[in-house]
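I've put the structures underneath this note.
There are two complexes below, and they share subunit A, which is joined by subunit B in the first and by subunit C in the second.
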Partner chain A sequence: MKKIMLITAVWCPSCLIMRPRYQAYVQKHLEFSFEEVDFDDNPSLVKKLSVAKTLPVAIIYTGEREVVRLIGELSAQNVEEKLSTI
Partner chain B sequence: MIYLDYAATTPAHPSVLSAFKKAAQKYIGNPNSGHELGLMAAKAIDKALTKMRHHLHLPSSYELIPTSGATEANNLAWQGVLNIPENKGKHIITTAFEHSSITANANYYARNGFRVDILTTDKHGHVDLNHLRSLLCKDTILVSVCSVNSEIGNRQPIQAIVDIIKGYPSVYFHSDVTQSIGKEPIELDGIDLISMTAHKFYGVKGIGLLIKKKKRDFTPIIRGGHSTTAYRRGTPATELIVSMERALKLAMQGQITNYDYVVGINEYAREHLSPLPNIVFNSEATDSPFVFNFSLPGCSSRATVTYLSQRGIYISNHTACESDADLSSAILSLTSDQALATSSVRLSFSYLTTIEEIDRLIEVLRGYCK
Partner chain C sequence: MKKSHLALAITSIMMAATVIFSSSSPVSVAAAGDNPVTVYFFYTPGCGQCAEERTFLNNKIEQVTTLSVIEYDFSLTENRAILTDVAAIFEETTVATPFTVVGGLYYVGFNSAVRRSLDKTIDRYIANDYVDIMAKYLSDEPILETDFDRTRDYEYDLPIIGLVDVRNVSLGIVAVLLGFIDGINPCAMWVLIFLISLVLGSKDKKRIWLIGGLFLLTSGIFYFLIMMAWLNTVALLVAKTAFQIVIGSLALIAGGYNIYSFVKAKVKQEEGCEVTNVTMKQKMAAKARQIANATSLPLALVGVVGLAIIVNAVELACSTGLPLVFTQVLALNGITGVGSIGYVLLYILFFLIDDLVVFGIAVFTLKVSPLATKIGRYAHLVGGLIMIVIGFLMIFFPEILLFSFL
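Showing the complex of A and B:
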């Protein structure tokens, strides 16, 4: 099972732009599940995952293993391209 | 001390402080009380609100709801519309150039079943009206666009948006006009919900307004007993409201003179900052003259603000976008350039700003940008 964990914050405009792009991807690619994690509400998890700098951060898992990390604003096409290799 | 952060807040005008003190001493009653002292206070509030409506050239079809500031007004505007149980629409349209209180609400509602679209903008940061037209649909309930961005000063075509939204009677149009009021002319009539705060125009902190069209349905976020408005319960702050009226009156009276003066300050700063090595202007000459944003690639925003602060010059960097607040979301949206977004700073001017202050800033920056 593949999963997109998207780390966002309420104060982040880029998160507003990127959330629907990842959600649309998951709707098209049913092998992916989607989980959103709030940056401010989950400080220990954010620290454990070494999330810093630009938001949002999309961490892609295959099973328990992190396979790729996408950071900041990307076009829908760019998301598609980067995730299609997984 | 050289203060160049007037878009963050302004010092209260002595006349405003005097009005505050006088009202605090005169109107000791709770405006919600039925006795004479309470009624006197309620009458003073009503008078101040009516005067403010006149200062803003708004017809009596608008009501003014006192809030604690623009953040509360923005929250009330969004939640007051989106929490109405009868409203079935689940689509919101906004921009990437809003105050963080708008962005936070947008993210909250996006996480809770609403669809939020961000309007595309041109290279000047102006929203694309054709994109707005293409996004509006039966499901749209709210459009929220600020008049002037606080970080860059880019203006939005508010009346053009009003004209477009007229064709969609179920859509509410909200505008945060905090960076315009008392600074430059803005036509407010036609906007459904308008946010502002007094401390941006030499009023005291702790008082703002949400102005709404009376006929539009709305729901409060602060509930309680009977008060002067159904949309914000609790004891109204008589002296804050009275002092805000004084601040607004003064700001509107001085608006043309102060605007012309600040245009001169902005032009002087622009001309004399341009020889600094590597400087990139993010604000354009056509933006609000009260805000002037530039980047010094290679120098972090935070480092520049700290360097100047240590030398008695107070400017601002930006609204936080990164976890460590070292990147400006507004500059990134405008330029798509990470180097500019991590090195941008904002000067904001006032009728109190002097040429000598700008000269001193430039002198200090010359030493910094070697």
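Showing the complex of A and C:
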């Protein structure tokens, strides 16, 4: 099972823009699940995941293993291309 | 709306505002007079452009009784020699027809732009004093550097708008340009976007308009008051060279930082939200949530006013570069007090335009447009470059920032 964990913050406009793009991707690719983590509400998890200086961060897991990390704003096409290789 | 259409719309608004503003700028209007004006027209028989210009000049003579035209047939050797001399006086290397000399100006060729400029020049000479360089040449009088009319150096023929003298609109253009770029600066925009995203959930368009509109109005008033206060301070110190150097240096630093931010995001390919001032952002977000969830509309509106003031005050340091530069430019030009209100309001109008666009799109589509964050990044680059140029001029060539008003 593959999973997209999206780390966002309410104060981040780029997160507002990227959320529907990842959700749309998951709806098209049913092998993916989607989980959103709030940056402000989960400081320990955010620290553990080493989320650095830019939001949103999409961490892609295959099973328990992190395979790709996408940072910041990307076009829907760019998301499609980067995730198609997984 | 396609990007090209949007760009065209924005450009048109900027140009229209510039022209509207130019009409209210402090341009001195000379009393209408009836000075005799002579146009020296070099032509070649059979030349199409020459024929067009002759038609224009004949029509103009019918309208203006004090206008006369002296024609020179370029196919005659003596006239070729005269034109060669005259072209050299104007440091013009193209000796071709039609070649027109009027007062301290000359034109090579004839097209719609030349027609408009020539028409305007004749009208201006009728009403104002000027030096007839050709007459001086013909009477062997020495021609002085001050005899040349430099007006055309400042004239640009813009599509739709027509002929524009940049000296009349330069400060207006600076206000429009800096205000627009400053408005795109994402410093305080995230709060508007967040607020919109919260109130969009209610689907109550009246509530959305009131909350978003009041946020923008309050931001505009706050910014206006800050800029006027700053301008009054700057006006007292502007004559001091050291102060100009300090402001110029600040502009260079702020400009450099903006370009650094743009390049960093591009190089790292991480174009998103920077995780900085998180505690402050969390507080603002909580406040915005309270407003969005408030059941009482009047209370929500009071909250919006407070939020707009707080967020603009907190983000002032982030977006202070361009307003600082603009008020300094106004002060350098001696535009202070009541005279500066128009320019500052023009700046604020364009400062708010991008917010209004983002807000308008959100209200009509009930979605936050990605345009907002995308153009914000380029604002770093353009704003940074402008600040560096103005900062450099302020330190080394402040006279260039002194726009003269006719």
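Simple rule for what comes next: the second predicted complex is superposed on the first by the 86 of 86 C-alpha atoms of A that agree within 3 Å, B and C clash if a C-alpha of one lies under 4 Å from a C-alpha of the other, contacts with A are read in each partner's own complex, and residues count from 1 in each chain.
The working rule: a residue touches a chain if its C-beta (ideal position, glycine included) is under 8 Å from a C-beta of that chain, and two chains touch if they have at least 3 such contacts.
In this text, all values refer to a predicted model and were calculated from it rather than measured experimentally.
Engineer: May I ask you to decide whether A:A52 touches subunit B, subunit C, both, or neither, giving the answer as first, second, both or neither?
Structural biologist: The answer is both, since A:A52 touches subunit B and subunit C.
Engineer: Looking at the overlay, does A:W11 come into contact with subunit B only (first), subunit C only (second), both, or neither?
Structural biologist: both
Engineer: First (subunit B), second (subunit C), both or neither: which does A:V79 touch?
Structural biologist: neither
Engineer: Should A:R19 be classified as contacting the first partner (subunit B), the second (subunit C), both, or neither?
Structural biologist: Only subunit B; A:R19 stays clear of subunit C.
Engineer: In the overlaid three-chain picture, which partner chain does A:E36 touch, first (subunit B) or second (subunit C), both, or neither?
Structural biologist: A:E36 contacts subunit B only, not subunit C.
Engineer: Indicate the residue numbers of subunit A shared between its subunit B interface and its subunit C interface, in ascending order.
Structural biologist: Residues common to the subunit A contacts of subunit C and of subunit B are 9-17, 39, 51-55, 73, listed in rising order.
Engineer: If we count contacts the way the header does, which residues on subunit A are in touch with subunit C in the complex?
Structural biologist: Residue list for subunit A touching subunit C: 9-18, 39-40, 51-56, 71-73.
Engineer: For a test of understanding, state which residues of subunit A touch subunit B in their complex under the given definition.
Structural biologist: Touch list, subunit A to subunit B: 8-17, 19-20, 36, 39, 46, 51-55, 73.
Engineer: Which residues, counting only subunit B, touch subunit A once they are in their complex?
Structural biologist: 94, 96, 98, 100, 103-104, 106-108, 110-111, 115-116, 118, 319-324, 326-327, 329, 332-333
Engineer: Inside the complex, what are the residues of subunit C that reach subunit A?
Structural biologist: Against subunit A, the touching part of subunit C is residues 186, 189-191, 193-194, 197, 265, 268-276, 278, 281-282, 284-285, 289, 368, 370, 372-374.
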